[in-house]
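These notes open a run of structures that come right after.
Shared chain: chain A. Partners: chain B in the first complex, chain C in the second.
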Partner chain A sequence: MKLPFAKAAGLALLMAAAHGAASAEWTRTWAIEWYEPAHYYGAETGIIDPGTDCPKGTNPEPDWIGVLKKAGYTEQEALWLRDPSHPYRVPNHGQNQMAFRGEGRANVYVHPELAADPGMQGVTGTIGEGLDLDGDKTNGFVSVDGKTTGIDNQFYRTMGCWKYFRGPPRLSYNAESRNDEMREGRWTVLIVASGEGDDPMNDDKVRVGFYDSTDKLVKDGNGDIATGYTFRIQPHARFEAILEAKTVDGVIVSTSPTKEIWLRDPSYARELQLLQAQLQLTMKDDGSLSGILAGYRPWKRLYQGMVEARGSVIEQLTWAELPGVWNALKRGADYSPDGANGEKTHISFALKIDAVRAYVMTPDASRKVSGVRSYKSEAPPMGPSLHAFFSNRFRVTDGLVPDSDGVILAGPDAPILPPTVTGAELRARLKASAKGAD
Partner chain B sequence: MTGAPVFRSRRSWGANKVRLDMRRRLLGVLCAGLFGCASPSVETTADVGAGLASQASAGAGAGERPDAAPDASYAPYQDKTAFNAAYRRLTESQYRNVIADMFADAVQINARFEPEMREDGLQAIGNRRLSITTSGLEQYYSVARSIAEQVVTNKARDALIGCGADPEAQAAADCATAFIKGRGQQLFRRPLSAPEIEGFVAVWDKARTETGDFDTGVQHALVAMLMSPDFLFRVEAAEPDPAKPGAHRFDAYTIASRLSFVLWDGPPDAALLRAAANGELHDEEGLAAEVERMLASPKLERGVRAFFTDMMQFEAFDTLTKDSLTYPKFSQAVADSAREETLRFLVDHLVARDRDYREVFTSRDTFLNRTLAAVYDVPYASAEPWSRHTFDKDSERSGVLTQVTFLSLFSHPGSSSPTVRGVRLHDIFLCVATPDPPPDVDFSKVQALENGTVRARLIDHMSNTGCSTCHMISDPAGLALEHFDGLGQYRLLENGEVIDVSASIGGQTFSGAQGLGDYLSGHPLVPACLVRKVHAYSVGRTTATDEYALLAKQQEAFAGAGYRMKALYRTILTHPNFLTVRPPEGVPAGPGTTHADTSTRPAASGGGQ
Partner chain C sequence: MTKRFNRRSILRGAVAGAGVCVGVPALDAFLNGNGSAYADKAALPTRFGTYFWGLGLTDTPLGGSRWVPETVGRGYEATPELISIKHLRHKVSVFSGFRVIGDGKPNVVHWSGHAAILGGEAPARNRVMAGPSFDTAVADALGAGMRFKQVDVAASGGQSACHSTRNGATFATPETTPLELYQRLFGEGFQDPNDPNWTPDPSIVLRRSVLSGIAEQRKALISEVGRSDQLKLDQYFTSLREIEKQLEIQLQRPEPCEACEVPDAPKDLGNSVTIDVVNANSKMLAKLLAMGLACNQTRVFNFVHTPGTSITYIAGEQKTYHQITHDEPTDTTLGYQPKTSELAGLVMGAFGDFLNEMEAIQEGEGTLLDHMLVMAFSDTGYAKIHSLENIPVLFAGGAGGRHIAGQHIASKGEPITRLSLTAQQLVGVPRGEFGMGAMRTSRPVTEVMA
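Moving on to the complex of A and B:
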């Protein structure tokens, strides 16, 4: 017997009720299974192809030999520094020396302002994802469906053509690498929504909380994050966010901006501060949750995260000069919070979130959470910040990594060329290598 | 002594001959592996081999029965009518438990063991037919060497061996002898005979002499003991029964081993060996006292786990697979957790809480971890790795049949199977076997998973009259479980259609898993089947026709005790039937000695369906 849709839906509701769904006060809970900067990919194919967002495609890799020569290195020195296969090469030498290409060979990672701005092509398209943070419908992007205007996402406009962030959903370098970390168990972010009305789908008084958990995400047999797992809230002195909202036809939308929230960040910054935060999250029929969390983030902290992840490696993997990134973010910044004296210290930003249905328990695991509240008072004192933790883990100082003996074989006055290898030999080696690659 | 024929003083008969050959082979391999017995230059080694052989046979030399004291040497078979009634290869868990009881955490066993053989519903019956293959022998040898190496290199080496690493000559011999006697008794579950001790000491002495290292000698002696058939097999020795001239009884150490492997899935402890040595196990009161002591021991959990692992055919977990697209939540962690859940539940229900066995089909209590909670789709309300959980009434969960174990083990990789579930339910819990399907069955209709519900597909399938007879018996119970998919997850719809979980068996109509649980909890075959399986598990053979009446009485006793598992053990293990020797075919039985009966199983008494 085939059931009419209405009957089947009714049964599904019955089933949901049988498994502990709505009452007069409701609470729904999820675990974030993927989140990444909301960057609309305007191409129909590939991951770096030209598209409406970036008509020339993803920004190309810089000519690193040219970059070094522009910074005052000889061609021979540049070739030597860019030859990773050279048998006499000290592993960290070439990468660390890449930092010293500012004025007077200053470290451009630490002092990007002392390097010439190489420029960075941003998004020229009009379509974008995010939320209207400033209430001005006349600025910003238009939503993909064309129904919403005024979307504020200067971060996308500035960084959207950079390989680090550009790509179809879940395929950009940043999104893949950081979410892989999370999905392998490095951290977990929980979402709790609760309301006071009878109908979770339409409720004027809703609160949404984002919490930390030390319980790991679990992958299912297909590599996706499994639904229905249980997570305990881990009170954290910083990583907690509570936003006021309402639901309209199953969509949770902010009723007013929250002044400041903190989340674990799926980027090298590790920590995400959002000012004037707002959200728009859809509760889906399958129990999952998808949508946007947006606000203004401090752009210098994001830049610093890349330096701490080892500046030269980031540059080479993501095809950008970090001074260009620094200058682009500075140009694109669009928010000056109280106390910043008008300086645009923050940039509008949106995070695209996908979360799976999960059971969220109180910190002692004794019961399911039944509402959104702060657990900060139960949190242990803050340890070192995450960026400090990761920086120490990679032993990065000023974007540089010392050798195992603690020495940094690089600097403004460091000898570049080894005495036994000539530029001609290097060139010949590089040519042979290129032929081999053909 | 030269390579004297092994077991030369034993009576040779057909059923045992293969095993005797195997034992000779095993000893030969061991001898060659350790010392190169084939070499003419190792005359002493030949003596060692002979010593090993004689320790295994233990029949050539005269001696006293070792009933005086537990550390007396063992000398069975001085009576020419003595014989070995059975050899049962140690199961993997039994092997591990013997080693664990001896060396605790000092020794880890990382190895694969040869598969067991299931016969008449139990591996405990099948393993009396098991030998050791060549590759199995290699595995045992590898494990033995690993164990011996861990013992001599352990931080607690001195305590494990009994003396320091470099004792004086006489002290060394004394220490080695004490080690061999003590550890040998633990391994063989009886004191070693004088020739056995002599043989293993000779192994130690030769290795120590050749290498100049005391510990190397200990290693070799321990390997030799670990490779002995008297360790690898549970040898059930029969001796003349002094109370019944011409009849036989199990010797006291065999009774001790029988008790300990049933109740503890491991070797007898010192107290039990002492009771054996003192003759208490041949005394009704003494036996009952030991059974009581063993039932009160924490080790009882091991025995109950081993029994239900066997009864519920958990070896199927070793090959369990699920289609990841259909059941993405399935993983090895889920399989391991499910097995543990069921065992924890059974131990808690039947041992810790000493509850009615029939409630295992109706209880909503269980134990979960975080992994299983996700499969059951319930919150995991504990910070501990495992915690007790009671399902909501509307969960439709009802005892062991609705746990992930049964529901996933007895399903197909990509779908549930009312038929498989029904067949296994009858086999495991009702002792009713279902014949295999005929070879030419067309399964196409029932395997069209995209069409409607499985009930409708089975009805189509049963239009084949050759199939309908069995399906009429097996399927109703399985259909009642259809609110649980092939992984055990709750569902109400299949292919968008409502799943009908009504069932009718033997004129009784019920609905769903809870209805099935209620039906089974009141079914007389359920406790009767458990009695039969515990009995067969305990005696290690199929129930004989002349035991049907006894089983009926034991079923009555089980009912009278409120269907308590401990009471059932008490009834079976203290009954003279448990001690009755049933010699293999070909061995003449004396009065009071019953021949093994390999006839087909009896129908469990107490009603049918």
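Moving on to the complex of A and C:
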């Protein structure tokens, strides 16, 4: 069907208005190829080595025998629990009994408050990355170039000396692991920026949108994410973020905080809610985009994500006691949203983003996007497994992994028997005990 | 549950007037919803085997490697983690830089690599392949007339460690102990090809006939179950048909085998997974397998040293290999993960022992190793992040003169299915291409092909 130009233009304008989109004079589009918590790395080399950020290096690996003894286990029991042949271990999924070291042998993964706080050493350096979220230039970190003060990034201050999050850019365990997942196709995040002015590099009315896509990233022959591929926006009931901004000499900066945004998170939490979100992204000459997206994130969800990723496995791999993580996040939290009755439920946080130039299409792939708007009304209902990190591979209950028969080989009353007792005998006792409890 | 069949059903028929019956495997249709309970002098033959170990070899994210030789082509140097094959380098080719391309499917950690190399396509989910593993095509090409079309072995236990499949969903059950492997290769039904007093076993004549008598009931059962169960039954009946063929072979006098010496039955080494025990188990299994190959019991095998999530460990230590790959920081002075590299070296030590067993058997003017091709591979490159790039692959053996061994082939991100295709062509499988999607290739690595 062919429409007269004026009529078609009018219809297009009407449609754009219906979707709440500003009329855009220019639109630029990217796909995130790497993103990670914005953590300034203060050492010369290595992951655990001392630096200006962490003068003592990262938090040391816990003495797990000592941890168990402190929790009331005998040395013999502790040594046996730590033996790789102990029958309570579920192959590849850790030692379930490690959970039961709280008060009254409570599961410390779900009840971290019932365990003694082992403490976690935080960042003591003054340099940090992120944005000034609260407008107070007298608190927070100073930028690397020294020009910006008041950078709010309590997450970095709290977790920055944890081996899991520390390392040179792109080399922390968290960043490597989660980004490798994304780059191998587990999710894709698109960025669209559009403006109303004539000069994209200097425009007072800019909108930036972050969208989901089910089109996967593509690697080139060097293993880098290829530039210039086409992606469709996949409307998502949660993962969408739209921020108001302006551009100054090619730098996109927020004009006001956005109350709440959501996007996929490169962490075990899988989702990132940011309150009072702001951004600062640089449009580079090569077409790429780099910068910071910051705001306040809910710290309990972050913790819960680690529990869901199998508590004892996370503790072993990252060298931290989860109750220590819980307490450190609680101490470091610095934001109480409306309705929280003053409770600091959120912690200031910043993501460092690198994105490559990409073609972004509307969900039906009929045309290139020509502005930033919400697609949430077109989204299907969210699936039930959004949170579950390993939902497609195995079940995790309260941070524990049942064996192939569904039995959790551990518990507050589970016998910590000597090596002379076989795994089959232990299983039989635990199954009988679980049956009795039903 | 079907109308006529349940888990206690026996498929019945008659042969020469005598009643015969065959049991039925555990089909989904018989289980509850969770699946947790019941509701000549001819040319010497070429053999082929896969050899798998978990957790790759040691890379660093900055590009360092403890296994990739610097020299490309012939005369590559023995790198620290390949030191165990140093004396056999002229019979081993090393392939670096090959990768799995996901085609949009996410990395199913500890599975995508193994499944893609064998199945030709990155899998969509855990424990499922897009189709048959290519070793079965090799078994069809090389295994005809053998007592066992193929033999599957797992040196560190685990019935689910072997990923040979004909339908992508059900997998071969491996022998996990030397005793099991001995009993399979040399136990009941074994015919010493060099025994002068060989006569056909009359009980085999009877057993041979049994399986052909249930055709009608077999068809009926297949028609009553779902797709998933049909696949299981297909695998099951294929296995039964192979037994029939094995029995037929046992009615014929075997050709004498110069190199065949029936070994004594070994003792069971137990279930411990410490690396020293796994390696001892692996060596014993390799010795038995080598003799099984020399005795023409089979020409195709899959040997799993350690599964993708190897939980082997050094005796007396608290951490397993899998854990160490993830939690050990890179030593800034050395530039790699030292404990991970130590364990990788120990694991590859077992591969050196494996090859030694194949090399120790003289066959004609060469060795058994000269008349076979072993495609050894892992499922990951940099194990810390389950990387699907730079997955280590080694080709060992002469493949009957077809393999130009002793080279290092360095790729820059090409699909690893090129190596799967190369292996198949080297042992004479008539296949022009292999793989699906971005992993589909018709380009073998011709540099190693005579």
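In this section, the second predicted complex is superposed on the first by the 376 of 438 C-alpha atoms of A that agree within 3 Å, B and C clash if a C-alpha of one lies under 4 Å from a C-alpha of the other, contacts with A are read in each partner's own complex, and residues count from 1 in each chain.
By our rule, a residue touches a chain if its C-beta (ideal position, glycine included) is under 8 Å from a C-beta of that chain, and two chains touch if they have at least 3 such contacts.
The structure presented is a predicted model; accordingly, all values stated were derived computationally and were not measured.
K.L.:
With both complexes superposed on chain A, which partner does A:144 reach: first (chain B), second (chain C), both or neither?
P.N.:
The answer is neither, since A:144 touches no partner chain.
K.L.:
Going by the contact rule stated at the top, is it chain B or chain C that touches a larger number of residues on chain A?
P.N.:
Chain A has more residues touched by C than by the other partner.
K.L.:
Under the stated touch criterion, which partner chain does A:316 make contact with: chain B (first), chain C (second), both, or neither?
P.N.:
Touch status of A:316: second partner only.
K.L.:
Using the touch definition from the top, say if A:82 reaches chain B (first), chain C (second), both or neither.
P.N.:
A:82 contacts chain C only, not chain B.
K.L.:
Could you tell me if A:185 is touching chain B, chain C, both of them or neither one (first, second, both, neither)?
P.N.:
Only chain C; A:185 stays clear of chain B.
K.L.:
Is A:407 touching anything from chain B or chain C once the two structures are fitted on A? First, second, both or neither.
P.N.:
Neither partner.
K.L.:
Given the touch rule stated above, what does A:367 touch, chain B (first), chain C (second), both, or neither?
P.N.:
After superposition on chain A, A:367 lies in contact with chain B alone.
K.L.:
Identify the partner contact of A:221: answer first if only chain B is touched, second if only chain C is, both if each is, neither if none is.
P.N.:
Both partners, chain B and chain C.
K.L.:
For A:382, decide between first (touching chain B), second (touching chain C), both and neither.
P.N.:
Neither partner.
K.L.:
Quick check on the superposed pair: does A:340 touch chain B, chain C, both, or neither? Answer first, second, both or neither.
P.N.:
neither
K.L.:
Which residues would you name on chain A as touching chain B in one complex and chain C in the other?
P.N.:
215, 220-222.
K.L.:
Using the touch rule from the top, collect the residues of chain A that touch chain C in their complex.
P.N.:
Touch residues, chain A against chain C: 45-49, 61, 64, 82-85, 91-92, 163, 170-171, 173, 176-177, 180-181, 184-186, 215-216, 219-223, 316-319, 392-393, 405-406.
K.L.:
Which residues, counting only chain B, touch chain A once they are in their complex?
P.N.:
Per the touch definition, chain B meets chain A at residues 322, 324-325, 327-331, 370-371, 373-375, 377-383, 392, 394-395, 490, 492-493, 496-498.
K.L.:
For the complex, which residues does chain C have touching chain A?
P.N.:
Interface residues on chain C, with respect to chain A: 36, 61-62, 99, 101-108, 110, 125-126, 272-273, 309, 311, 313, 317-320, 322-323, 326-327, 329-330, 332, 384-389, 412-413.
K.L.:
In their shared complex, at which residues does chain A touch chain B?
P.N.:
Touching chain B from chain A are residues 1-3, 8, 11-12, 14-15, 18-19, 215, 218, 220-222, 224, 226-230, 232, 359, 361, 364-368.
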